[in-house]
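Shared chain: chain A. Partners: chain B in the first complex, chain C in the second.
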Partner chain A sequence: MNVAASAVRAEGFEAPGPSIFDLPPVFSIGAVGVTKPMLQLFLAALLVFGFFYAAARQRSMVPGKLQYAGESAYGFVRNNLGRDIIGSHDFLRFMPYLAALFFFVLINNLFATIPFIQFPTFSRAGMAYALAGLSWVVYNAVGIRKHGLFGYLKLQTVPSGVSKVMWPLLIPLEFFSNLVVRPVTLALRLFANMFAGHILLVLFSTGGLYLLQNEGIIGAIAGPLAWVMAIAVGFLEVLVQVLQAYVFALLNAMYISGALADEH
Partner chain B sequence: MFTTTTIVRLATEGEEHNPLLPEWIEVILALVVFLLLVLAFRKWVVPNFEKTYAERTTAIEGGLKAAETKQAEADAKLAELDRQLSEARHEAARIREDAREQGATIIAEMREQAQTEANRIVEHGKSQIEVERQQAVASLRAEVGALATGLAGRIVGESLDDEARQSRVVERFLDELESGEVTATGAGSGSTSASTNGSGAR
Partner chain C sequence: MDGNLNMIGYGLAAIGPGVGIGLIFAAYINGVARQPEAQGRLQSIAILGFALAEALAIIGIALAFVL
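The block that comes next holds the complex of A and B.
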């Protein structure tokens, strides 16, 4: 492994840092090097679409296994994120976005655990920024379309039920939190979770290897223990990956719902 | 920049890419891929699922509605049959009542007819008897007259040839006979023969 090599070359054990996320290109198209996370984007999109296309195509009244699985997965997002949060009146037009978002993020996160891939796509900050930026555009566009620009700004920044004396204080605060910070936190939450989880896994794995190779008897015991920890952390990471995908889609639904609301 | 270098070189040179700074190619790529996925979902996945859900709901609701309709129909039919049954019962009772009434009427009529007939027969018999009695009386009267005349003629030895007188005597005699005043002298004094029997007596 590159990291291991670099660690060995340095003096003592060198903990994995941000550099482990800068993978060399797998191949190049012209001047653009195509890296593994880029390929993962395509793979995730193909997997998600392939599964749901196959499941949705049959459209039988009594679903088979594949259709049932697809319907359950889609129904989970549809009912818990769409209908319950956005409301039964408006949610249907957001379903393609929400369903695609949840499963796209989910699969990309799970790539961190899937053998031979083992790299979380959204530990590349740019990809998280892309989805967060898109969600910012989506919920603001939805709000502006429904309330008009000023109506929407009023909705998002002027809290109802608060005396006007507080407005000079609250309006900038609300503006900042609702229109500026949201995409940043959205992106950073996803990115940082994936980033940290992967670093943890690499740390335990390479650390275990280093202990085993360089620390004699103690290392022979501590190294495998580190690997056991790596496995435990791996399971924890699966939970985090699912949870982050859910939170990402959930917050998107809540932002849309807030932009559609009639009152703040 | 990392695309042209290796990690090892990055690590050794200490020239680390800040992980928070995006690679713009990745931003664009993620956007494009995700938007394509959304479009594909909108075209092929969500409509299909929603249609299936809707059809299933319709099918279930339709089934329930059909069952309800069937139930209502069955109820209506049952009520109709009940109504018809009670109607038939009423009809039967009415017919029975009618028949009873008619029977009574017929019996009464027959009875009346029979009574009339009987009366008629009785009346007829009576009149016939009367007629016969009259005839008998008449013939008896004539015969008695003739007998008496004959007898008187013989007894008196006198031929009463005058018919008018004869009949007058006979009439008187009979009248007396009827009123119960007949005596031997009376009979002897005024006896004559009827015109019919006068020849026989002679």
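The block that comes next holds the complex of A and C.
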């Protein structure tokens, strides 16, 4: 609302920037202000838990509608992310993590489109960093448990089939890329997509309003056109939100399968 | 109209990953057209390549706001 107000000011259009993501706290607990994205995290966790709990509560051989929906949702993650990537030998151990992760990220992303919420949780970088930190811990712990600390470091940093002359060059690079930068790009990918999508939507909607109110005849034509663009970008954003949730879970599965891989 | 040169720089920088992502999906479509039964395997590889190429654009947008 403060964005719309700032766009309507007469002295000129103020393009939306990173400041539109600084929401005031809804309420405070002690010195900690609880903001809307924090509440959305809890809501998304509750929705994922509630849906799968309800779907799995009364299981029967002939599934009802809810059980069928739950089974297909779980089956999508199980077959496309778990079995195909991690491999049929030990993917089942990771299914609770992967399925919960995929649907948690998916619902948090879709919050950007759902009316009256319309704020992507992961457009706050901290949320995405926390989630990527979790996946960093998971895939490293899995690898260290399987190969031991030094075996795992060797697996991740020493590329196979490369002559030893190149090792001093490649080992630091691989270490940097596989163990340091990976969680950062994982988090930034999710964050930047949500951030850029939300800015685009705000830009087209507030820009359309500004044109309509301040630019006379041309604005009366261009303003609604901007809103049409906002709707089109909205649909594109739904695609991006689903795709990013998929990519996030897919990369988690790939990192886990990379950590589990046998030495060549 | 005020703005930031970083954004022009980011626009230029996004050309590279854009071309890269285009090439990745061109190869993926080619592969599926030649051998439709390989779609399942190619899809995850294509999306991995897309994610890696996109990472460059993402690092760009992060730096555009940070610098």
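One rule holds in what follows: the second predicted complex is superposed on the first by the 259 of 264 C-alpha atoms of A that agree within 3 Å, B and C clash if a C-alpha of one lies under 4 Å from a C-alpha of the other, contacts with A are read in each partner's own complex, and residues count from 1 in each chain.
Criterion: a contact is a pair of C-beta atoms (placed from the backbone, for glycine too) under 8 Å apart; a residue touches a chain by one contact, two chains touch by 3 or more.
Remember, predicted model here, so these are calculated numbers, not experimental data.
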First (chain B), second (chain C), both or neither touched by A:Ala56: first
Which superposed partner A:Pro18 touches (first chain B, second chain C, both, neither): both
First, second, both or neither for A:Leu106, with chain B first and chain C second: neither
Chain B versus chain C as contact partner of A:Leu209, first or second or both or neither: neither
Partner chain(s) touched by A:Asp84 [first = chain B, second = chain C, both, neither]: second
Which of chain B and chain C A:Thr185 touches, first, second, both or neither: second
Partner chain(s) touched by A:Gly126 [first = chain B, second = chain C, both, neither]: first
First, second, both or neither for A:Ala196, with chain B first and chain C second: second
Chain B versus chain C as contact partner of A:Leu251, first or second or both or neither: second
On chain A, positions contacted by chain B and by chain C: 18, 195
Residues of chain B that touch chain A when the two form their complex: 2-4, 6-8, 10-12, 16-31, 33-42, 44-46, 48-53, 55-56, 59
Residues of chain A that touch chain B when the two form their complex: 2-3, 5-6, 9-10, 14, 17-25, 28, 32-33, 35, 37-38, 41-42, 45, 48-49, 52-53, 56-57, 59-61, 63, 67, 70-71, 74-75, 78, 92, 95-97, 99-101, 104, 123-127, 129-131, 133-134, 191, 195
Touching residues on chain A, where the partner in the complex is chain C: 15, 18, 80, 84-85, 185, 188-189, 192-193, 195-196, 246-247, 250-251, 254
For the chain C and chain A complex, residues of the former touching the latter: 3, 40-41, 44, 47-48, 50-51, 54-55, 58-59, 61-62, 65
